[in-house]
Each structure stands twice: as C-alpha cells, then as structure tokens.
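Each in structure tokens, the structures are laid out below.
Look for chain A in each of the two complexes below; its partner is chain B in the first and chain C in the second.
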Partner chain A sequence: MFDLIVLGTLLTFGYVFGQIAEKRHYRSILRREQQLRQLLLVPSRFPPMYVHPPQTFLVSGSVVISVDFFKVFVAGLRQLIGGRMRSYESLIDRARREAVLRMKDEARKHGASMIFNVKFEAVPLYKGQRNSVQSVEALAYGTAIIPARRPGT
Partner chain B sequence: MLLSNLEIVPGRKIAKHLGLVQGSTVRSKHIGRDIMAGFKNVFGGELKGYTELLQESREEAVVRMTAQAEAIGANAVLNVRFSTSSISQGAAELFAYGTAVVLE
Partner chain C sequence: MRYENPKVPEGINVTSEHPLKEFSQLLLGVVAVTVIIVVMLTLLAERIAQHIPFQMEVEIAGQYRGKLPVRTAVTDYLQGLADRLAVSQDLPADMRITVHYVDDATVNAFATLGGNIVFFRGLLEKMPDENALAMVMAHEIAHVRHRHPVMSLGRGVVIGLALAAVANFSGNDLAGRVLGEAGLLTVLGFTRQQEEEADQTALATLARQYGHVSGADTFFMLAKTLPHAGIKEKIPSFLSTHPATENRIEKLRRLAQQNGWAMNQPTRPLPESIQVQIKHRSDHESGNVSTHFLPR
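The block that comes next holds the complex of A and B.
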C-alpha cells in the first residue's frame, strides 16, 4: 500500500512538473529559433568557393536532458505493446534542438553567418541497475564561417 | 591551431597531411551532482551539472588532441569528429579525433 502511494506521488509530481518544464522549454526553443533563423545550417561537407576566403572555426553545443518519472513509467507500459514512444520522442527532440541553438549562439557571438557540415550525436547516459534511459546528451557541432569583409567596406 | 570539421579550409591550401590525431578523457560525476540528478529524474528537465561536466570533458579531449597535433608540427586539425560513449555506472568517455595538417 505504502509503495503504491509513493509511486502515485512520484507519478503525479513527474507528470505535473515534467509537463510544465517541457512546455516552458518548447516556448523558449521556438522563440530562440525565430531569433537565430538568419544563421544558416548547412549539412554539406564542402563550402562553396569564395572570392574572399572567410575565416572558419569549430563550434559545438550540447545539453543533457532528463526524462521525468511519469514518462519513464508510460514508456515502460508502451514497451509491452510496442509502437511510437511519444514520451521519448519529445525528450530527444528537445535535446537536439537545444543543442543546435547553443551551437548557433556560439557561432553568432563570433559573427559567423553559416555553419557547415553539421553533425549530430545523442548518447543516453545510463544510471542505476535497471539501465533504463533516464537522461540523454545531445551534441551538435559544425564549422562556422565568418564571411570576409569585402575590400572597401 | 585551426580546428574544423570540414575537409578543406576555404581559401587555403593543405601543404602536408600528418595523419590522425586523437584525444580522449574518461570522466565521472561526483556524488553531489548524482544525487541532484536523481531528483531531476523525477521532475524532468535539463541536468546543468552534467551538461557542464560533459562540455568541460569534451574541451579537455580537444586540448589533448591539439597538443598531439602541435607535437607533430601541424597548424590545423581538419575533419574533427566527436564521439561519446557512456561507460556504465556514471562514467563517460569523450573522444575527439581528426586529421592533422600543415596549412600553407
């Protein structure tokens, strides 16, 4: 009985706070994506040939996001029947987009206009004996390009 | 030292390829951060402590890689890649590798 109460409390807390955190995070992601839209991401290995060679440097952004207890529970149930795991989809989506935004932030600070050869990586960080995915690290990196000033400007 | 994950540097020629350079580090979280992360696992959200930790470690891996490149006389590392593997029980390996080159 006591166990059930603990489980119920954890589920409720997880659901309420997890939903609040997720909604807030998505709002912030959408706002910042709008702000950083000018900076282009190009997942191509070869930059165009430039008349005025630009400066390049490596930029990266990373974030570790934890899933809430409610989602772990729901995902556990979902594994019984299979199918789309929405609770993990939103987790990894948030992590990736946040990583991209951080990378763009870093690039913009240096005055870059494009980021080439963008690569993504996501690693689940395991913790505990159950080895369930409880947090995930997303990393985005690429080569930022600072356009050269044209002579005379 | 120029780092880039492109295979070329716009406007500059590669004079010499010096081969693969790499740097890696294995880090673990300290217990305080682990306990806080345990709480966060109930509520969800970003684990700032882990984010910083992994970022610092990745920087260290890059520093080791650049040191290796400098030692063999390179002035740039191209085609840089990162890789992370989570070794069980709260330790992670961060690995950076790339091609050391001499740019003209």
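The block that comes next holds the complex of A and C.
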C-alpha cells in the first residue's frame, strides 16, 4: 500500500517534470535549428573543392540527458511485452539534435560555413545498477570549414 | 547562391502520441495478465494444498516446537473451550486443536499450521464474556477445519515463486514491483473470502454450543474501537486481508436472523480465576491498571 503511494508520487513527479522539460527542450531545439540552418552539415568524408584552400578545424558538441522516472517505468513495462520503446525515442532524438546544435554553435562562433564528415556517438550512462535512472550522452563531431577570404574582399 | 540543410519534418523519430496513452495501455494489460495468472495459480495451489494430509501439516508445524510459550492455567482454560467448540463444529477426529497463550499486549489471535491456535493476552483482556471469546475461538478453529493455513502456505509458495521469477526476468525492479502489488492484492481477495467462510462456520458453531449467538459480534464491535481502527476502516477493503468490520457484523447479523439464532440471550461470564490471571498480568505492565472490559 505504502509502496504504491510512493510509486504513484514518483510517477507523477517524473511525468510532470519530464514532460515540462521535454516540451521546453523541443521548443528550444526547433527555434535554434531554424537559426542555424544556413550552416551546412555534410556527412561526406571529403570537403568540397575550393580554389582557395579553406581553414578547417574539429568541432564537437555533446549533451547528457536523463530519463525521468515515468519514462523508466513505461520502458520497464514495455520490456515485458516488447515493441517500440516510445518513451526512450524522444530522449535519443533530443540528445542527438541538441548535440548537433551545440556543435553548430561552436562552428558558427568561428565563422564556419559548413561542417563535413559529421559523425555521431551515443552512450548510455548508468552504473549497471538495477533501478537506477539512466541517462544518455550524445556526441556529434565533424570538421568545420572556414572559407578562405577571396582576394579583394 | 546559398545552400541550406532542408528542414526535417517532425514526427519521424518521435511519436506524437500522448505518453499517458501508452502508459495506461501497458499498465492495464500487464496488471490484467498478472491477476489472471495469480488467480489461476492460487486456485491450483489451494486445490492441491487441500489434499495435503493434516498429519503432514502437524509435522511442518512441529519444526517450530521449540519456540512455544509456557502453558498456564489460562492455556488450559482456552484449550478446554477449544475442545468443546471442536466437538460442536464436528471437527474431524484427526484434526487436533492445540491452543497457545502468549502473555503479550497484542490484541490478536490466529490459527496456523497443524491446528495450532495462538491467543494473545491483549485480546483476552478485551473479552467481556465467554461467548465473545468462543466466537473468536470458533473462527480460528474454522480456519483449521477449512484447511486455510495450509492453503495460504501453498498459495504463498506458488505466488511468491511466480512473482519473484517475473520480477527477476523483467529486468526492471519497478515493473516487477507493480506486478508484485497486483499479485498481492489479488491474493487478498482470497484471504477475505476465507475470513468470511470462517465467520460463517464460527457462527453456526456458536449456535450449536450455546443455543444462541449472543456475543458473536462483540469482537467486531470491539475491533472498531481499537486505536488503529479509525485508520483501518478508511482503507478500502480490496487493499485489506480482512473484510471491512462493518460488513462482517452486518453479515453475521443477517445470517443469525435467517437461521433464527437469538443474539440477545444472556452471555456466560469468563471464569473468575481466568479473569484474575489476565488482570493480574496487565497490572504489572506499564502501570496499566484498567482492565479494558467493555460495558455489557
């Protein structure tokens, strides 16, 4: 009985705060993606041909996002019967997009026009304990290109 | 010419479905399956447990013989009462009731494996007359007669194993815990049923023993006045091992009425010597001199 009350409280907290955080994060992601769209992302390993050799450097962005109690709980139930882990999908999605945005931010600060050879890493963070609320780290990295200034400009 | 990455449409990687929808579907489904499995396993376990010979029960209980309380005059009195009630209840010859009396303030009595029934001083202190005590005693004997202790043992073993296995394999303590709770609540339904069964048998025993059923509801009236009664009554009965006290009283009265058993006959007092013994003990304890006897 007491267990159920504790569980219910944790679930409510997890749901309310988790949802608020997620909604807010998505709003921020959509806004910043719009702002940074002009900075091109290219998965190709080779930079485009330039007449004047551009300056290149490594940029990266990483983010750690924690699951909330509600998501863990739903995922736990989901594990019993299988299927799409919907509660974790948004988590990974947010992490990946946030990492890209941070990487783009860094590139823009240096005046880059594009990032090529973009790669992703995602790492789940937890100590292997059962019951521990897990978090996920997403890392995006790539080579930013600052175009050389054309003579005369 | 300027290039830009196109805007990726939303909703590809993330569903727009409300998270509570998935939550409720999963929870309801999983809980429903658990309840069905627990009900099936319980019925099976109880069915099998009933075929365990009573002698085996006695042997299982015998393993704990070392921890028994010393027998006193009160124990002998309770044993005598139990023997008389056992006759009135047509208890099969191989079922021997052994009463134990524990000198402790706990207001409780219970029946366990091997026909062992334990009474606490706290309960005796509150008994205004023999009839009230006989009702409790007959109730516990009825548990033994209906093989409830061994049934709950069987149930406990089977359900415990099943739920532990699920909790283990689900790889998630939280989900396992919810399943456990669902399973326990389902089991409680069975124990409530057993309590009702024992109440009914006890009432019939009382009628045969005394010719009336006065004092049958005394214990339940009393239960409502206990310190925790207020809280307990607020807990909905589906969360409880016992039916709500109010319902039990009502059912007893209805049953008495249907069978024409009188509830207003004079009751038999507890023997003087026993009253002194119980009172004497409680004087020693934390200056608690009052005897807690309820007004008749």
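Operating definition for what follows: the second predicted complex is superposed on the first by the 149 of 153 C-alpha atoms of A that agree within 3 Å, B and C clash if a C-alpha of one lies under 4 Å from a C-alpha of the other, contacts with A are read in each partner's own complex, and residues count from 1 in each chain.
Basically, a contact is a pair of C-beta atoms (placed from the backbone, for glycine too) under 8 Å apart; a residue touches a chain by one contact, two chains touch by 3 or more.
Keep in mind that this is a model prediction, so the values were computed, not measured.
The superposed arrangement places chain B and chain C next to each other on chain A without a clash. Of the two partner chains, chain C is the only one touched by A:Asp93; chain B is not. In the superposed model, A:Arg149 lies in contact with neither chain B nor chain C.
When the two complexes are overlaid on their common chain A, residue A:Val74 makes contact with chain C while staying clear of chain B. In the superposition on chain A, A:Ala21 contacts chain B only, with no contact to chain C.
In the superposition on chain A, contact is made by A:Val63 with chain B only, not with chain C. Within the superposed three-chain arrangement, the count of touched residues of chain A is higher for B, of the candidates chain B and chain C.
Here the apex is the CA centre of chain A, and the angle it makes with the centres of chain B and chain C after alignment on chain A is 110°, in steps of 10.
Touch criterion met: A:Leu40 reaches chain C, while chain B stays clear of it. Superposition on chain A places chain B within reach of chain C only down to 13 Å, the least C-alpha distance between them.
In the superposition on chain A, chain A positions 72, 131 are in contact with chain B in one complex as well as with chain C in the other.
Residue ranges on chain A touching chain B, taken from their complex, read 10, 13-14, 17-18, 21-22, 25, 45-47, 49-50, 52-54, 56-58, 60, 62-69, 71-72, 98, 116-117, 119, 121, 123-127, 131, 134-135, 137, 139, 141-143, 145.
Contact residues of chain C toward chain A in the complex are 2-5, 7, 10, 13-15, 17, 19-20, 22-23, 26-27, 29-30, 170-175, 177-178, 181, 235, 239. Those residues of chain A that touch chain C in the shared complex are 1, 3-4, 7, 15, 19, 30, 33-34, 37-38, 40-41, 70, 72-81, 84, 86-87, 89-90, 92-93, 130-131.
By the touch criterion given at the top, residues 2-12, 34, 37-38, 40-47, 50-51, 54-55, 58, 80-86, 88-90, 92 of chain B touch chain A in their complex.
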